[in-house]
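Just so it is clear, A, B, C, D and E label the chains in written order, and each chain counts residues from 1 on its own.
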Amino acid sequence: MNKSASRSPSQETLNVQLHTSPYLRPSASVEVIMRNVVYALLPICMFSVYQFGISVLALVIVCVGACLLTEHFVCLCSSKPSTTNDWSVVITGLLLALTLPPGFPLWMAAVASIVGVAVGKLFFGGLGYNVMNPALVGRAFAQAAFTVPMTTWVPYLSENRFTEFIPSSLTLPFLRPIPTADWVAENAIDGFAGATPLALMKFEQVPTDSIQMLLGTTAGSSGETSALLILLCGAYLVMRRMMNWRITASVLLTAAATSGAFYLLNPEIYPDPLFTLCSGGLMLGAVFMATDMVASPVTPWGIWIYGAFIGFVTVIIRLFGGLPEGVMYAILLANAASPLISAATQPKIYGAVKRKGGQ
Amino acid sequence: MQPDSLTFIFLNAFIINNFVLAMFLGLCPFLGVSGKLKTAWNMGLAVIFVMLVSSTCAYLINGLLVRFELEFLRLICYIAVIASAVQLVEMTIKKFSPTLFKALGIYLPLITTNCAILGLALFQTNREYNFLQCLAFSIGAGAGFTLALVLMAGLREKLNLADVPSASSGAALSLTLAGLLSLAFMGFAGLGG
Amino acid sequence: MFTKLQRTLDWRHWFLGTFPHGIHPAENKHFTAGLPIQRLPFSKRLVLPLSQHAGKPSKPIVHPGQEVVRGEPIALADGFMSVPLHAPATGVIREIELMPTAKGPRTLSIILEVYPGDSQEVRYFKSRNVDEMSQQEIVKAVQETGLVGLGGAAFPTHVKLTPPKDHKVHTVLINGCECEPFLTTDHRVMLEQAEDLVAGTRIFMKALNAERAIIGTENNKLDAVEAIRAKLPKDGSITVQAVKTKYPQGAEKMLAKALMNLEIPSGGYPSSVGLAVFNVSSTAQVGALLPVNGGVIERVVTVTGPGIEKQGNYNVPIGTPIRFILDQLGFRGSAQHIILGGPMMGSCISSLDVPITKGCGGVLVLTERDVQSEASRTSHPCISCGACVEACPMHLNPCQLGRLAYKSQYDEMQSSFHLNDCFECGSCSYVCPSSIPLVQYFRIAKSANREKAKKS
Amino acid sequence: MIALATISIASGLFVVLTFQLTKSRIEANKQAALEQAVFAVLPEASVRKNYFLDTTGLELLSDESFAEANIFAGYDAKGELSGLAIEGSARGYQDIVSVLYGYSLSNESIIGITVLQSSETPGLGDKVETDPDFLANFVKLEASLNQDRTALENDIVTVKNGKKTKPWEIDGISGATVTSKAIGTALRESTNQTLPLLAKHKDSLQMTIPMEKGDE
Amino acid sequence: MVKDPRIPESLSWDTFLRGLWKENPVFVMLLGLCPVLAVTNTAINALAMGVATTFVLICSGILVSSLRFLIPKQVRIASYIIIIATFVTIADYAIQAISLDLYKALGAFIQLIVVNCIILGRAEVYASKNNIVNASVNALGMGVGFTFALLCLGVVREILGNGSLFGFDLFGPGFQPWGIFALPPGGFFVLAFWLFLFSAVQNRRQKVQHQKETLENAT
């Protein structure tokens, strides 16, 4: 913009940078949206800290810190301005922390964060170009690399959770996690089974009370336990129109329908739909992960198909796969399929009827 | 699900141990032809077709070889049979369906050097599948190849419009995508167990 | 005044017609909606571009130094896709030369020096009975008024009155939506010139042999609905209907969808589905001008925006330079942006000497603060939020189009993603949280495609 | 064409030659591998016999045709039957897991196990081959037949880590539930299929074999 | 390398070194990726695969080169394939004879050497146009280059995925292996990482050179 010319109206020409229409904009920019997602995630983090203690606090700090540093460092290396100020990388860190087990060794959490941000996002060009949800890429990497710590659960609401760390959290880098069995035995409330409701259901056919799962008094990943809280936080984003509720609705409806169908077939071995909805990471995934804008389709029909795909694959993996939980893989697969879904569901344009005669 | 049931053999080759993403078979065409979605579809269809034909041929040949106790000639026979089968398929298609030939034409010769085809023949022999199992296996493998190829093509088309850093573009990008896909497909492990 | 809240709460408004998608920008019409149309004094000099309409420029029939009276033709139509031009004031022709216009490139314009002491009455007219005119005569008479679409597109009105032979127009739609924020021109015309409006509607119906006409307006102008309803003929052939307030309701395709639930085919005309769409101001002008054989010499312009003191609706002679209007109305010097038309589709002007033309319904003056806050927004890569897909009234995929445009794949945009169906309403750019100038991308892409088509 | 035929013939000769040259060596390798596996699951055995068992009967095979055998009998230094090595397989986490287990006829239980083939997750699923606690399950895992000798009295099952209460239960590995279950399934299915058949030929197997000189 | 194919090139170090770096079959030409990813979960497997491939490369190179005047043009590809398949079968049996465990680990990928494009490519592009010495030296270079690439992957994957190198434990029992590197995705990631590294280095080098040139031009 050439500012040297005078701005007085009596001059020959007004020196105006030739913006084009529209000249109005609503206030929600990318930063604002991302910041609000962070706000929506904070209550879940706080509840998790309340539930599992300072280990989760450390986990959140490490994940967010590692994500921020990775993005900043990579931007520095490629001599671009740092993109950490758009808040998106904070979301990645928070989401990753919320999907890890509470006693996950911090060094592994840092590895997962670095991989998630570097491979899942920056490798493809950063915000807007990642093909899959970076947090889930990090988690999937951790799941494949550190399988045992990823499936080691600790009891909730243990007594001295605010004064001492879960021993495995503070494992030194590159070493195997410190065993938690003794600590669990000391701190567990009666009957802690060392497994999530899903694992209990899958491997031992022991159902868990749905009320417990709604409120979050179960074992599980740090942020996935309370289905109700996640829904509330999601509702905030939907009200502010910063989240696509259709994806969430589609995921949850399909998951409920699929598992309901199996439940009707054989209620003895298959869990009921409410259990499916409230257990594991489905709620967190449906509300915060599947709705990752960048990796999901934009076409009206595509959105529903994408959500349905996630819900369906999740239930199939849960019921028939080797793993008790499948939300992460379902979302990653749906992310991978989203270009195909988009291509197949291009919106029908206005007036796309066959033309009568020539023009 | 029984390990030798047809459904399981199909699912195993299709998604659980996907031919491309878990067994690394057919990587050259996977990386080479996954640039455009449309070509990927055509290539995938061609591969399914050729896999069916060559799997059947290999099954018959193996029967003969075992009968005459000439197993040590298996590899040579397989490669010869597959190469000629592809030629034959090409000629047949050309004669009976010129449109299909147009769609598949340029990919058919490429398939000859596709190790997924030979791999299919070798694996089905190693696992001692019967004829129906061979069919299920070849359809599963072909479908798995197509699935991986099409997913990859979709992602690559999307990334064509992205600002990918110069160092990570090209083969590194494709391989990372393949790695991510492979990671996502791990979710199917143990399916039907 | 019907506030947004009232409309939201009143259940009767929930069932009004509308079109899918679209956006709800802040209306900002309350600044001027209640202000009656006023006259402005004549500028000393009027600049009259020969090309104020879509089609061939008019042919001047005057020479420098010639005296003209108000309402006298000074340029004639050059063929069917063209309209004549009339002298907006009594004065003397000073020059015919290249002058800057809002569109950008300098165009040939007639410069008229206004006689300062003249009474400026319209002396050039001839009364006639419209009811006795045949269809062809009406079309010819409309062309002679020099009328073009006053909503902004400036498409010659008489052309719309002659649809292709195989198209039968059964319904005339009169477009009083005025969905652009800030602008209240059409609103005031409907309130104050309802009689002319109805007369014009009947002329159009006769010219097209249409059975009925619907005057459509958004439900933020219900007082206009009442005003028109009072003047409607008793036979019920003309009705007034309110539709939901939504941008871009004023586009003819959207109006056809909202009022008739008809979709004008891609690349086709409204007459393909038996419709003809006219702007209310154009219709009112026809109603006023045809009986007296007059020409378009002035139009109502909304001058508004935070950068101007005396906001209002003004009847301005065609050719009045913007500078003159701004000087009259208390222009605040800090203004950075002067936009001709509305904020969504209008264009920014580069010179204050640009005149008001027939297609220009508004002058919007934004302050430096508005411009600064706009400029300070950083543009991000597309995050595929899909807001644009939900906003696009044409159901295009601006997200994908934008990504393609970013990589200059213009062919692909047209061949696979219907680029040419975009009418640049700006809804996608408006909602884009990444501040990607989508509309600008599409304009560039379209012109690149046109260039390419020309070459081949 | 002639050139091609010549090359084909020449290459055929080459291959035959290699085949002949390496044949004995490969056989020996396979024998050794098998022997190692059999003796691993039958700790007291020192001599192996190959048998083929199906519904039609039990057949003693020669040493060379071990590839067709599905049951291997192990005899200890005194020539007494110390147990049978039987194969079983089931679907694991990644792919099929196949095991060879030693079965003692005298105390009707499984006395050893080795994994023949598995592609389970490194560091997790493959614990079934190394985890001492898990392998301890198979020192004496009950697999006794019921009264009428048609099926197992109690099916072998894998239970969650630390939940083993019965002698026919396998204490699973925590974190590798699927693979430990697969082992249990493999054993259950194989025992149910083989043991009732085997019971009919108990006597012909149990006879002591004369020890040849040189065998130690 | 644009050269008249009819003129056999003279023997030089370049004949050998080319395959090692400048025309590395894996990192530069992206050929034969199946074995590169499939059997590199341990370094020892990688080495065995590399040696087997090198063996087939050299033998088929020598044979193709010596028969280059006898094989008619029309059937040359078929002949090459038969020759290659012969040597692959030989290698297959040889490995079975040497170690059954190794054979199990490499699985069908030994037999899949047949369709490794490197070998057919070398036979067609080089061996059929050059004398035996050149052909064998070139094949050796390619083979070593291939083995080098396999080792690049195998070493990284074994160290991270198992904490060992060539079967020797490196870090003791406390080390947490990163299981993913022994799994298929790990293979893709490690190869992508190497390619990324090479292209990043090359980019940097080009940039520096470009800057130098502009500086020189300026002065």
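The rule we apply is simple: contacts are C-beta pairs under 8 Å (C-beta built on N, C-alpha and C of every residue); 3 or more make two chains touch, one makes a residue touch a chain.
Treat the numbers as computed from the prediction; the structure is a model and nothing was measured.
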item	value
Third chains touching both subunit C and subunit B	A
Pair of chains joined by more contacts [C-beta pairs], A-D or A-E	A-E
Chain whose averaged C-alpha position falls nearest the assembly-wide average	A
Chain located farthest away, centre of subunit D as origin (C-alpha)	C
Cα-centroid distance, subunit B relative to subunit D, in whole angstrom	34
CA centroid of subunit C to CA centroid of subunit D, Å	87
Where subunit A and subunit C are represented by their mean Cα positions, the distance between them in whole Å	47
Whole-Å gap separating subunit B and subunit E, where each centre is the average of the chain's CA atoms	23
Sites on subunit C at which at least two other chains make contact	381
For subunit A, residues contacting two or more additional chains	119, 123, 125-126, 128-129, 141, 144, 147, 322
Shared interface positions of subunit B, touching two or more other chains	72-73, 76, 162-163, 168, 173, 176, 180, 183, 186, 189-190, 192-193
Chain-chain contacts as defined at top	A-B, A-C, A-D, A-E, B-C, B-D, B-E, D-E
Complex contact set, residues of subunit B against subunit C	160-163
In the complex with subunit A, residue positions of subunit E that touch it	171, 173-176, 178-181, 183, 185-186, 189, 196
Subunit A - residues contacting subunit B, complex	78, 119-120, 122-126, 128-129, 131-132, 137, 140-141, 143-144, 313, 316-317, 320-323, 326, 328-330, 332-333, 335-340, 343
Residues of subunit D touching subunit A in the complex	93, 121, 123-124, 160, 174-175, 177-178
Touching residues on subunit E, where the partner in the complex is subunit D	41, 67, 70-72, 75, 78-79, 82-83, 85-86, 89-90, 93-94, 96-97, 99-101, 104, 161-162, 177, 179, 182-183
